Structures are given as C-alpha cells and as structure tokens.
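First chain A sits with chain B, and in the next complex the same chain sits with chain C.
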Partner chain A sequence: MKRSFVASTFDFLSSRLPIEKLSFKHMVTEKDVPVHRMSWGYYVGGLALFFFIIQVVTGLMLLFYYEPTVSEAHESVEYITHFVTMGALVRNLHAWSASFMIFCVITHMLTSLAMKAFAKPREITWIAGVLLLLVTFGFGFTGYLLPWNQIAVNATKVGLASIDQVGQYLPAALSHLAEDVRVTIQGAPAIGQATLSRFFALHVVILPLLVLGVIGLHLLSVQLHGMSPGIEEKPVRKEKFFPFFILKDFKEWGIAFLVVFVLALCLPFDSLFPYPLLEPYNALGSTPDGIKPEWYFYFVYYPMELLPFWIIIVVMTTANLGLFAAPWIFKGASHKFMRWIASAIAAYLIIMTLFGESIYHAIKG
Partner chain B sequence: MVKFVFIVALVFIGNCFAYPEFQRFSQENSGRPINCAMCHVNGDGPEGASRGQIGSLTPVELNRLNAARGAFAPGMPVESPILNAFGNNIIRKIGKTKFLELRAHPEQLAEAYGFQSDLDEDGIPDAQEYLDGTNPLNRSHGNPWKLFVHNLNQYKLHIFLIILATVAGFYGLSNLLHGFAIQAESHEARN
Partner chain C sequence: MLELFLFVGLPYAATIVCIVGTVRRFKYDRYGITTLSSQFLEGKKMLWGSAPWHIGILTVFLGHFVAFLVPGVWQRLMAIPSLLTIAETLGMAASLICLVGLIVLIFRRATTARLQKTTKLADFIVALLLLGQIALGLMIAGGFRWGASWSTGTLAPYIWSLITLGPDISVIRDMPVIIQAHIVGAWLIVFIFPFTRLIHMITVPIHYLMRSPQKVVWTNPRRNASAVVARADQNSRRHFIKASLGLSAAGLLLSVGVLDKLGRFFQMPGLHHDEEADLLETRLRRLQLTAEEKQLELERLRSNEIYVSKLSDLNGSTGKYFIDYAMRPGLAFRSEDGWPMLLSAKCTHLGCTVGNQVDANGKILCPCHVSYFDVKTGLPNEGAPAKAPLDRIAWIVRDEQGAEIATESSRGSRTGRIDPQMAEYYSLYIVRSLSAEA
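Here is the complex of A and B:
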C-alpha cells in the first residue's frame, strides 16, 4: 500500500534530523571523527565559520561609523580608514576575511562533493550548505556597493543589468518580469539612494539573520549525524571530536587569524585596485577603466563577457539545480567519480579566477 | 566683476590643460589604469566647472593659479587650486620650466623630483608611486608588495605581540578543554 505524502515526509525529516540524538553526550563527548587522507576537508567548514565570526565582529565595528547615504557613504569609509583609531585595520580585516570566507565556503562545498558528504542521511546538511554558499555570494554582492566608489557602483550596475538581459529569453508575457526584479532590488529605475539603502539592509540585517538560521540548521545536522565517512575505504583510525578534533579546529582558527591579521595590518585591500576606481562615484564624471566584479565572481563574469547570454543562463540554472539535487543525482556515484567531478569544477574555478582576464583579452583582442 | 576677472585670467593662462604625457607614461610603465587625480584635484583634469576645475575657481583661487603657473624656477611657493599636494610639490621642487621640458621625457620626472619626499607617509616615495601608477597621497594605496614589506617592518612588534597573545590564548583554551574532557569522563565513569 502506498504511504501518504505526510507520512513519507515525516519519515524523511525524522531520519534526517533525528532529534532523539539531541544530547550533549551524543553530539559532543561520544562523537568520533574519522581520520584518513581527506580528513583535512573536515576543517574547511570550521574555517568558513571562523571568518564569518570575524565578519560579524568587524562589521559591527564598522557600523558605528558607516553612513548608508549616497552623499556620505564614501566619505564615512574614508573617515574610518584614515581617522578612526585602528579603523583601517578593522576595515581591512573585514575585506580580507570576506575573501577568505568565500574561498573557504567554495572549498568546503568542493571537498564535501568530493567526499560525497551529501549522501543519505545528510541531504539537509548539504542543501543548507548550498544555501549558505548562495547567501555568501549575496553578502559579497551587497557589500561591494557600500563604499559607494567608482568600482562599487559601476560593477553593481553591470551585475544588475545582467538581470535585465534574462528578460530577453523569457516568453513575451513574462519578459517584463526580469526588469521588475531588477527594479525591486534596485529600489528605483536607476541606481541611487534607494539601492544603497536596500543593499545595506540586505547586507547587515536580512542576510545575517538568514545565515544565522541556516548555519544553525547546518551545524545541528552535522552534529546529529557526525562527520561523513569521506572515503570508501575504512578510515585509518577515529579520534574524539571533543577535545581533540575541536582543539585542532581552534589551532587552525588561530593560524587563520594570524594570517588575516598580518595581511590586514600590512596590505591594505584598496592597494589591489587602481586608485581611480576608489574615487567617490560620480554619475556625471567619466567611467574609469578596469571596472569588474570581485574575484569570486570571475567564474561567471568572464564567460558572460565572452559567450552568448543564453548559454550562461542555461549553465548557471543547471549548475544551481544540480547543486541542490546532488544527493539524488549522484546517489549511486562512487567516491572516485565524485572526486573527479569536484576536481573538474575546482580546475574551472581556478583557471577562470586566475586567468579569466587573460583569456578574455586573448579572445577579444 | 567676477566674470571679468575669470575671463581675463583664462586669456592670461592660455591653454588650461593637464599634461597627459606623464599620465600616459605612468600608466604604461605600471600597467595600472590611472587618471588625472595623481596630480590634479579632479580626476577628470582641470577643465570643467566641477570641484578643482578651472570653471569653479573663485577670483582668489584664480590668482593662486596664476602665481603657480608663473613659478618657473624651483623653490617658489606653489599653491595651485587645480593641483593636489603632489602636483604642487612637483612644480615647487623642479619649477615649471623643467617640468615643461620633461614633457618630452616623462620617464625622467621621478629622477628630477627625487626619492626623498613621501607625502602620504606610506613608506613608498612619491616618485616611486608615480612610476608604479599608485596614489602618492593615500597611505592605503601603493604597490602591494612594497606596502606589505614596509608595513611588515614597521609593525614587527605588533605582529610579535599578536602571535604571543594567540599562542597564549590557544594554550589556555587547550588546557580548559582538556579539563572539561577529563571532568566529563570522570562524570560518566561515576554514572
């Protein structure tokens, strides 16, 4: 007899979130972590969490001085950088750890894919992880606009304009939908105060709240099920999560903190950009050369510049749906096959991030 | 009256344009996009009516502009309202005559200006920033590697202290967690 939808859903959820295991004993003192050649992958998620904590702390500090208005945003950022005690350090910590956080989230996704960490009963952990990846990109996109300088506004314009382009490929009755979405995000027909206010609200309130909820679900699910086996073979040994694994995690956090601190102290993030891009946005002035998004969007930005837009839409939609549905698509796949898939994605991301611009110039001339 | 002074000043000044030879050289030498803001107040150059451009100057500022344009010899006071501190310093140090001569050899400007001045105090001389295509008036902007090395030397003590604090913090945390683990084990053993 076929079981009812409600009963099936209840069974699915109760096996994925076994609340009977919700105890300190099960989740901490009795938890073991397998040790094998890919165990390093277990630490990357923790590092992403650590960089998120740095983001929250430094972001709160920046909030004391940042003014989310088009007339004062740039000035307030300059004030933070040049006049507030340790303002430059805090701002650079925020900027550097944002990049490290995105790097860790992407690496965590790839290692989890390679270790087939999405396999039953960890589907919810995986889906929450993919959501966190998308929200992290959202943080990057909304945060980029806040300094209200030339690169911030012009790169955001490029990003938002691509939403309009989607409209060309929708049926006639829905073609205005893309523009409506763009105007809703933008808050007005053109980028201005409404856009800055919305991006600011998204960056400091809506996305952090969303992240807290999803991280909670992700971590709870990880603790309830324990670490995924990671490899097909038997692990070399198992070690106690508490205190041994967690101490190794903290040790990596300490090293990561020192790296990001030294970078933030010695290498201002702004120095990586040509200075005309850091000038306050001037709608009437000329647009400086070299406008492009942050490095973590190169994997989609350069193909978008080179290929017909419909190809990008098809590939990105398929990739996103594929990520969410990975637990079901790759249900029977071997670990070796998953490692191959993850390596291919990693190779693509590395090539486009490091050489995307060169490839673009080589093709476009 | 103001308009009259403005028109007279423009006639007196003659060609009011920036000198793109230097900008072009800096950009080609460094491979970084740059704009007029390296030496001028306004990134779009001195022509126009925006802040730091000829059209926006008051009579007093026009007088200062004229004085600056007449500073042919080195060492004369220069406070042009269309130039920023670096631009003014160039004319003050080498004089307008030498500056105009260097238009044919923009690569020699750095040498003529000298490598002693560092207006933004970021550890990279202004002349080097001209060669590197970076902002000589922003201490957060410079060649990334040179900035990193300079700051690393400057903040050696800070970095040592933060390493010490991190190691000490980890040592304390490690002992605390081991203590909790021992207590949890003994608690389980008792039960």
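Here is the complex of A and C:
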C-alpha cells in the first residue's frame, strides 16, 4: 500500500533532521573528521563563516558613519576613508573580506560537490548551502551600490537592466513584466534614492537576518549528521573534531585574518580602479569607460556580453535549478564523476574570472 | 662600616661561596643536585603550590634579570607609559601568584606527615627566606611605585659596579630600609644556594616541556594494565593544551594589535578647522547638486515644455546633454539643414549613457558595450549589442516672442519651417504633449 503523503514527509524530515542526535556526546565528544587527500575541503566552509563574522563586525563599524542618501552616501564613505581614524582600514577589511568570503563560499560549494556531500541524508544541508551562496551574491550586488560612485551606480544600472532583456522572450501580453520587476527592485523608473534605500535595507538588515536563519539550519544539520565521508573508500584515518580539528580550524582562521588584515592595511581595495570611476555618481553625465561588475560576477558577465541573451537565461536557470536539485540528480553518481563535474565548473570559473576580459576583447576586437 | 659589609662584602662573599660551593657539590654530590621530588608522597597540593610558585617566580626573576642586564634598553621601553603599566601589572600579578604558591607549599610541608620525613632544616630556611623576599618585593612595588622604571637608574648601576669590580654604594646607602632589606635578602639567597634545594635550578629540565609527561607512580599490576591508555590520554590532552596555549597567545597578540588599530575608529577624528570647512563645503555642494536634480524633476512634473538650448548653440559634431521627461539623459544636435535632432542618450542595450561626440561616420558611441548609433536615425550599427534605436524626443522651437515655429513629435512627424538665418532668435524646448507617453 502506498504510504500517505503526510507520513512520508514526516519520515523524510525525521531522517534529515535527526533531533535525537542533538546531544553534546554526539555533536562534540564523538564527532570525527575523516582524513584523506581532500580533507582540506572541510576547512573552507569554516573560513567562509569566519569571513562572514568579519563582515558583520566591520559592517557594523561602517554603519557608525555611513549615510544612505544620494547626496551623503559618497561623502560619508570618503569621510570614513580619509578622516575617521583607521576608517580606511575598516573599509578595506570589509571590501577584502567580502571578496575572500565569496571566494570561500564558491570553493566550499565546489568541494562539497566534489565530495558528494549532498548525498542522503544531507540534502537539507546542501539546499541551505545553495541558498547561502545566492544570498552571498546578493550581499555582493547590494553592497557594491552603497558607496554611490560612478562604477557602483553604473554597474548596478547595467546589472538591473539585464532584467529588462528577459522581456523580449516573454509573450507579448507579459512582456512588460520584466520591466515591472526591475522598476520594483529599483523603487523608481531610474536608479536613485529609492534604489539606494532598498539596497541599503537589503544589505544591512534583510540579507543578514536571512543568513543568520539559514546558517543556523546549515550548521545544525552539519552537526547532526557529522562530516560527510567525502570519498568512496572507507577513510583510513579519522580525526577527532574536538579538540584536534577545531584547533586546526582556528589556526586557519588566524592565518586568514593575518592575510586579510595585512592586505587591508597595505592595499586599498579602491586602488584597483582608475579614479574617474570612484567619483561621486553623476546622474546627468555619460557613463565612464571601464564599467564592469566585481570579479565574482565575471563568470556570468562576460558570457552575457558575448552570447545571445536567451542562452544566458537558459544556462543560468538550468544551473540554479541544477544546484538545488543536485542531491536528486546525482543520486547515483560516483564520487569520481562528481570530482569531474566540480573540476569542470572550477575550470570554467577560473578561466572566465581570470581571462574573461581578454576573451571578450579577443572576440569583440 | 655595616653598609660596606652588607652591600659589598656580602655580595662578593656570597658569589664566591655560591660558585665554589656549586662546583664542589657538582663534583662530589652530582646526584644530590635535586629537590628530592616529593610528588609521589603528596600530589594534590603539590599541583596548586608548585605550578603557581614556579610560574610566578620565573616571571619575576626574568623581569629583574632583564632590567639589570640591559638597563638602557629597559629604561627606554619603560618610558612608554602603557608598557610600564603592563610591566608593573605583570610583575605584581606574578609575585602574588608565587606568594600564593609558596604559602600552599609551606602549608603542604607543615601538614603532611609523609613529607616531613624528607624535610630538612635547610628547606625551611629557604622557604622563609623566599617568603620574606617576595613579601618585601611586593611591599616595595606597592610603596615605591614604578620600580620597573626607577630601578634602572639606581639598582642596575649598583649591580654593574659590583660586576665591574668597582663597587659603588652611594645610591644604595640612602635608600629606604625596606629596599635595602630586599637587596640583602637577595645576597643571602645567593649565599645559601649551593647548600640547599635551590641548586636544582642549574639542572632545570627544559626538555620536559617538550616530551610526553611522566608521572612517578607506585607500581602494581592494575596500574600497569591501564598505563598505556593513560599515556595516550595524556598525550592528547597535552597536544590540546599546547595548541590552545599557542592559539590563545597568538589570539591575544592579534587582538592587542587589532584593538589598538580599530579601537580608535570610534573616537571623533580631531580635524583642523580648515579640514572641517573643506569637508562641509564638499557636502554642501553635493546637497546643492541633489537639490538641483530634484528641481529638475519637479520642473518636469509641472511644466509642459522645458527649455533645452538656443538653436544657434547646437551643432552636428558635439551633442548637448539635457534631461528628458523621464529624467533620463538626452542629446541635442543640429543637422546641416538647421533642424534640431533630439535623441535619448540612454543606450537601448543596458541603459548606459551614450557619448556626445559624433564620429566621421555620423555616429555616437555607447562606451559600455560598444554600440554605435546613427545620429540621424538613432539606429544602432549592425552587430551591436543594442538592437533597438535610440528614442526620438519630441521638441518644439519658439521664437523670442514665444510663437511656435516648428515641432517634431517623438514619432518623427514635423510641423512648421525653420529658417537657419534666424537660429539665433530661436529657442528649443522639449515638449510633453507631443511625446509618445502623452
């Protein structure tokens, strides 16, 4: 007899969130970490969390001085950078650590994919992780606008305008829908105060709250299920999570902090852009040369420049759905195959991020 | 006379006795250079006595030693108020810790019958001497503050004068009795060094810090069986303690550095009033710009026609930017026949603002993704990222009296006639009623 929907849902949930394992003994004393050649992947998620903590702390510090209005935003950022004691350091920490966080989150996704860490019973961990990945990109996109300089506003403009492009593929009766969505996100037909207010609210309140919730679920299910084995064979050696692994974790955090702190002290994030892009946004002037998104959007930006837009839509939608559905799509896949897939994605991301611009110029001349 | 004996005679005598005695003992009583470990006679109080005592006394000793060894360097360091505070606090805390440890150890000796069997008179003399010395030290630290700093100019020269065989007690002579007592106590400890358990210092087993711990136990079969497990356990605990000590030390250093840098973030930056004025000026300018922008917006909401330019100021090579009814940038040109040409400057690809310089082919460029638009038709070039032409913007030309001369709707239909000779007297407006939205 077929079991009822409610009963099978209950079964699914109770095996995915085994609350009976919610004990100190299970989650601390007995937790093991397998040791094998891909063990380094177990550190990346923790590092992402660490960078997120830095983001929260430095972000709160920046809030002390930042003013989210069209006329004041750029000035207040300049004020932080040039007048507040160590303000430049805090801002650079926020900028560098953001990049590191995104790098870690992507790497974490790839290593989890390669280790087939989403396999039963860890589907919920994986889905929460994919959500966190998307939210992280949301952080990047919304935070980029806040300094309200030329590159920030113009790049956001370009980013949002790509929503309009979807309209051309919708049936005539719905074709205005895309534009409506964009205007709703912007809060006004053109980017302005409404957009800044919305992005500010998203960046400092809504997304952080979202992250806190989802990260709670993510970490809880990691603790309940323990580390995923990561490889097909039985691991030869296991390491106690407490006290061994956690100390190594902290050590990595310390090194990471040193790196990001020294970088923030020595190399202003701004120095990677030519000055005209950092001038206050001029709504009436023309768009300056060299507008592009942050490096972590290159993998979608350059293809978007080169290929017909419908291809981008199809690929992006497939990729997103594929990410969410990975636990079911790759249910029977071998670890070797997953390593292949992850390597292929990694290769694509690296090539597009490092050489996307050159490829674009080579093709477009 | 007494002073000469206490501060010159005693030190030299003590040093000679110490050296000769130690060498002698090393030669004839090599295996007696020890404290005679009593850990297996009594272990519990031992931990709470011995550990704090040794940690405390080593810290205090190190402080004295460095200050006397390199007084110049030390003095320069102590000139920094925060370092001086740290040194004094550390020193006092360490003395308190070793005082507590020593009291526990004395209490332990006094209350454990087993221990008393192995305790000699010399042990009590050492204990009392050390206790007195620490108490004196604490009293000096409390009564004559900042000894870490003043000792470099007083006690350090005295010590060095003894070492360089030119004893000079002029400074010591006038010092408070309590400090003099502390000095004499120190020489007494040096004096009795070779005859007591203090001598275990020279065989300090530093490598014990690195090796696995050993514990002296009574053997019996049951213990033998569990020994291996115990050892493994100890190992992991040792690893944990070592690693967490290292991490906390590193963390402490990191946070001191970071807090030193970031703590000041919250203080009000002390700006010169010139800087403050410049800052205010920039802010005011930005506010004015915003106000102007709002003004433009209001104007576009209220009025049906908006002035762009005098017709004669326009040309065919460089466009004049203006803001259209949708608050988007527009470009105004004038063709050879004298008629104005108004285009939206918002790229139909991704909304960048199109440039205003017309090239040799009569095209303007959107710099974002390289689309060329024809100025006359607004059409993008073949293969450009932009597919749709730039919007035309409806306009009206009026003469000086405000009479309507010519118009063009956003669909391109024209009315009226423009006389190029009269361009100087004509003004160009964008007009809402002729635009597509209207």
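Rule of thumb we're sticking to: the second predicted complex is superposed on the first by the 365 of 365 C-alpha atoms of A that agree within 3 Å, B and C clash if a C-alpha of one lies under 4 Å from a C-alpha of the other, contacts with A are read in each partner's own complex, and residues count from 1 in each chain.
In this section, a contact is a pair of C-beta atoms (placed from the backbone, for glycine too) under 8 Å apart; a residue touches a chain by one contact, two chains touch by 3 or more.
Given the structure is predicted, the values throughout are model-derived calculations rather than measurements.
Trainee: Given the superposition on chain A, are chain B and chain C in a clash or a fit?
Mentor: In the arrangement built by aligning on chain A, the partners chain C and chain B clash.
Trainee: Return first, second, both or neither, reflecting whether A:D289 touches chain B, chain C, both chains, or no partner chain.
Mentor: Touch status of A:D289: both partners.
Trainee: Could you say whether A:G254 touches chain B, chain C, both of them, or neither, answering first, second, both or neither?
Mentor: Both: A:G254 reaches chain B and chain C.
Trainee: Scan A:S343 for contacts with chain B and chain C and give back first, second, both or neither.
Mentor: Neither partner.
Trainee: Mind working out whether A:V262 is in touch with chain B, chain C, both or neither, as first, second, both or neither?
Mentor: first
Trainee: For the overlaid complexes, name the partner, chain B or chain C, with more touching residues on chain A.
Mentor: Result: the larger residue contact count on chain A belongs to C.
Trainee: Check the residue A:E72 against both partner chains and state whether it touches chain B (first), chain C (second), both, or neither.
Mentor: In the superposition, A:E72 touches chain C alone.
Trainee: Does chain B (first) or chain C (second) touch A:S175, or do both, or does neither?
Mentor: neither
Trainee: Contact-wise, after the overlay, does A:P243 reach chain B, chain C, both or neither (first, second, both, neither)?
Mentor: After superposing on A, A:P243 lies in contact with both chain B and chain C.
Trainee: Thinking of the overlay built on chain A, is A:F83 touched by chain B (first), by chain C (second), by both, or by neither?
Mentor: In the superposition, A:F83 touches chain C alone.
Trainee: In the superposed model, only one of 43-51, 205-213, 241-249 or 259-267 in chain C has C-alpha atoms clashing with chain B. Which one?
Mentor: The segment of chain C occupying space taken by chain B is 241-249.
Trainee: Just which bits of chain A does chain B share with chain C as contact spots?
Mentor: Looking at chain A, the two contact sets intersect at 240, 243, 247, 250-251, 254, 257-258, 261, 284-286, 288-289.
Trainee: Residue numbers of chain C touching chain A in their complex, please.
Mentor: The contact residues of chain C facing chain A are 236, 239-240, 243-244, 247, 250-251, 254, 258, 261-262, 264-267, 269, 271, 275, 279, 282-283, 286-287, 289-290, 293, 321, 323, 326-329, 345, 349-356, 366-370, 385.
Trainee: Please name which positions on chain B make contact with chain A in the complex.
Mentor: 32-35, 37-38, 43-44, 50, 133-135, 138-144, 147-148, 151-152, 155, 158-159, 162-163, 166-167, 169-170, 173-174, 177-178, 180-181, 184-185, 188
Trainee: What residues of chain A sit close enough to touch chain C in their complex?
Mentor: 61, 64, 70-72, 74-75, 78-79, 83-87, 89-90, 154, 157-158, 161-162, 164-165, 189-190, 240, 243-244, 247, 250-251, 254, 257-258, 261, 280, 283-289, 291, 305, 364
Trainee: If we count contacts the way the header does, which residues on chain A are in touch with chain B in the complex?
Mentor: Residue list for chain A touching chain B: 25, 29, 81-82, 88, 240, 242-243, 246-247, 250-251, 254, 257-258, 261-262, 265-268, 270-272, 274-279, 284-286, 288-290.
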